[in-house]
Amino acid sequence: MRTIVVGNVPFGAGSPVVIAGPCAVENAEQTLELARLAKASGADALRGGAFKPRTSPHDFQGLGLEGLKILRAAGDETGLPVVTEVIDVRLVETVARYADMLQVGSRSMQNYPLLVEVGRAGKPVLLKRGMSASLCEWLGSAEYIAKEGNLEIVLCERGIRTGASGEFSRFTLDLNVIPAVHAETFLPVIVDPSHSTGVASMVEHASCSAIEYGCDGLIIEISSGRADAPRPMCDADQAIDPAVLGRIIRFIRDRQEGTRPREWFSASAAYS
Amino acid sequence: MRTIVVGNVPFGAGSPVVIAGPCAVENAEQTLELARLAKASGADALRGGAFKPRTSPHDFQGLGLEGLKILRAAGDETGLPVVTEVIDVRLVETVARYADMLQVGSRSMQNYPLLVEVGRAGKPVLLKRGMSASLCEWLGSAEYIAKEGNLEIVLCERGIRTGASGEFSRFTLDLNVIPAVHAETFLPVIVDPSHSTGVASMVEHASCSAIEYGCDGLIIEISSGRADAPRPMCDADQAIDPAVLGRIIRFIRDRQEGTRPREWFSASAAYS
Amino acid sequence: MRTIVVGNVPFGAGSPVVIAGPCAVENAEQTLELARLAKASGADALRGGAFKPRTSPHDFQGLGLEGLKILRAAGDETGLPVVTEVIDVRLVETVARYADMLQVGSRSMQNYPLLVEVGRAGKPVLLKRGMSASLCEWLGSAEYIAKEGNLEIVLCERGIRTGASGEFSRFTLDLNVIPAVHAETFLPVIVDPSHSTGVASMVEHASCSAIEYGCDGLIIEISSGRADAPRPMCDADQAIDPAVLGRIIRFIRDRQEGTRPREWFSASAAYS
Amino acid sequence: MRTIVVGNVPFGAGSPVVIAGPCAVENAEQTLELARLAKASGADALRGGAFKPRTSPHDFQGLGLEGLKILRAAGDETGLPVVTEVIDVRLVETVARYADMLQVGSRSMQNYPLLVEVGRAGKPVLLKRGMSASLCEWLGSAEYIAKEGNLEIVLCERGIRTGASGEFSRFTLDLNVIPAVHAETFLPVIVDPSHSTGVASMVEHASCSAIEYGCDGLIIEISSGRADAPRPMCDADQAIDPAVLGRIIRFIRDRQEGTRPREWFSASAAYS
């Protein structure tokens, strides 16, 4: 597996990486507070959306450039590398100035001009799986990025849309894809337990479960948990408290130091 | 329902519209030949891809600007308005110079910057449904376009991805969405029987079926049918002959002149 | 294609067959009234459930044997052959005494002991597709029946469960399966527009649409439409009025006598 | 949560239970060998199919009554309680004489006469989720069993059919359903990592993953792993070696004795 370094954080080097932060950058205080909480909980990198792809144009679209600056400042203060989504091919260069890693969202997985541009941006890329994308399509999208010479790609499973989606969870978390990715490519694959469940109380189990399945990390939405904190503007139902984030990270650390050698590499090899 | 005029062709005015043409503009001779065949068969407008969204970056990506010029010339010669897909938000202005109608493809249905830009382009838009998009998401995307002041939007059902997709057809044609669209909005909705079946021999039936379900038109991929013609570079399995296209169009005309009054409007009203 | 004769009604003989009736046999008056209305509207056969498979055991389960008798009497009085569902393998013989055709429901498509028993019952069988059944599984189920020597099988597409199901329609009507069935087997295939839409105002269009796609018939739930009639005990949202049923049947007849020769057989042959 | 005791093995009592054995009882030697291997690996109960629901009637259907006897003997010799599927409502009594737990398979989840009969059989029931069943339908099926007075029901998630099924795994394992079940009912829920992946090399990870997600146990298909052993007659691609089974069971035991208290009960409570 290829090791992808983001800031100073290595993905795919054997130790699962945790990216945490708010769904959206709402203001400087909120983002800085959550960055500190993420850091204190043991997270390796910071996420936060400055450009939010919303189903309706009347919903909060993100703070844009101002959001990027806030995120960058929070990353600098905490020493956490920052990951943020770029939606607009014309803004790749701008976003790349502020972020350590560019995220291509589910809805953009087949935005080929965007993929080409992030392939040229000289930054690592977090490529989310489309809501009903096949593995073949997903890797085809990675190929668009790689073709530009950028092999610093981390894949992210975030749940797919199925007949089961919507009844008790937002999407259907498809963990079976993890060994399939490991068998087909040298790219690391992380999991987003926030969108794939859509339910805050499921996130911890989904996270630990995904780690046991062999994923290379997690990207998790958090909120402060303070009773007086305003409700997040996006995806409030799936944000977890820093305390829960801390438990997830301790689970990962304990497991890394544990007595069970995980022969998951050999299992993936057997698959191919 | 709102009437959307493309060139001189009215969508949603009571008579189903047929857009036909090659999947991709491959060269001037091919496109002109197919434009003439489409015209002779009775088609109302010409389609052809100059920018092709391919799963792999190593596959034919389209002729780009040259393709637009070829398509425009073919449209001018036959008098058919032209519809073509724009993938890159930076090329909306360029594509709008050559096309009478801008197509937003399935993979771009949630490319919000693109939607905003086509909303400002001053041309009618053909908005395809995403492969697993809900009606709510689809109409949300239409709202991005409309919010810019452009209400000239025609929706297009092109099949969705389901557990059944791939066994005998490429996607699952979801005709039930037609009355749902008619109940929820004033926009016309056409059907793409080519992608939704993926099988040339199913296209005729899927077309007539979609017309009976009350759609406002069709967009169909054709090939010349000449024995010595080279195989299309994209989606060859689903292209139909001009003879079949002619049958579909005769079906529509006979039906329009038929003795059965279609009270489908009242059925849609009853749905809401 | 094989012609399957039910009572005196031939399925697959070139003229689409319409089976209509109540979802459930609720009492003698209701069933007889609906049988007469179905007959008057031009239906070829009568449906009605005596054994209803309900998601909850606390919901109305059907009248059982009494329901069979009521249905038989209504069939005898109107001259319509009767189709009814058998759920319990121990009751196949009983149901076969009263029905002209045994229906195997979606939920029973892979009830193999039941399939074997209906294979031995000496009556034609209406085999509904399972809610997420592949064509391969569906035909495998038909094979269980055929293996017992009973080739009098009519298939029925009734909508499949997909990510789209539930938003605006109960299931997703998969009409693409019709030519696939015609290419793979000699069995006729009809469509259930009632369950596949789940919305009464969609049924007419879904019906005409399915006929245009080349299906061999329809099975439709009706209610009396009388203002003072009680609401049906099962699936009330999808039952249509006799007037609508009449329009559907007139559509079929007009089409049969129409000037357009339907070369759908050749299209299906081309598929294989 | 309700504790369901099978033989002497408690489900839902806080310690995940592992059921293991062959897909099908093929002969006495094979079944006894696998029962011993399962026992030696630490399994709590033995599975084996005597009645196999096959897509085609020409495939091996199981040994029937002889298979039950073989399974019972293997269970008696090893001291493992036995779980086996009953497909035919007329054989519930017979199967209940030989088995400690009756399995209702996915294809039978809505075989309501069968559910009523197993509700009366006086034995615990393993109720598998249907291939596209909603949680509501699944619990409705459990209700049919419970209504007969039998509350000894263990649910089993075995993967659902989605657009992703078939590309790299047989079904899509839907672990999100585990906390949903725990929130909605008092019944334990186990996971079948064999069918839900369909790939032997995925089973170990899927198993550990499911345990981390909070399931109450696993049901796993094994083969002997001997180089000279004949290939299993059913589902050979997903059977794992006893060595792998042993690793899964050690994972469970280590975790039970581990330093991390799993507050998964509270997470499920938070969900409701």
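To keep things simple, chains are lettered A, B, C and D as they appear, and every chain counts its residues starting from 1.
Everything that follows uses one rule, which is that a residue touches a chain if its C-beta (ideal position, glycine included) is under 8 Å from a C-beta of that chain, and two chains touch if they have at least 3 such contacts.
Quantities reported herein were computed from a predicted structural model and do not represent experimental measurements.
Taking only C-alpha atoms, you rotate chain B by 180 degrees to land it on chain C; that is to the nearest 5. Taking A-C and A-B together, the pair of chains sharing more C-beta contacts is A-B. Listed options A-C, B-C or C-D contain a single repeat of the B-D interface, assigned here to A-C, on the basis that more than half of the contact pairs agree by residue number. One inter-chain figure worth recording: chain A and chain D are separated by 34 Å, centre to centre, where each centre is the mean of the chain's CA atoms. Per-chain CA centroids place chain A at a distance of 48 Å from chain C. Taking each chain's centre as the average of its CA atoms, chain A and chain B sit 35 Å apart. Under the contact definition stated at the top, the residues of chain B that touch 2 or more other chains are 132, 136, 161-163. The touching residues of chain A, counted against chain C in their complex, run 132, 161-163, 165-166. Residue ranges of chain C in contact with chain D, taken from their complex: 53-58, 87-90, 107-108, 110-113, 116, 130-132, 136-137, 140, 143-144, 147, 161, 163. Partner chain A is touched in their complex by these residues of chain D: 132, 134-136, 160-164, 167-169, 172-180, 196-197, 199-202, 204-206, 208-214, 250-251, 254, 258-260, 264, 267-268, 270-271.
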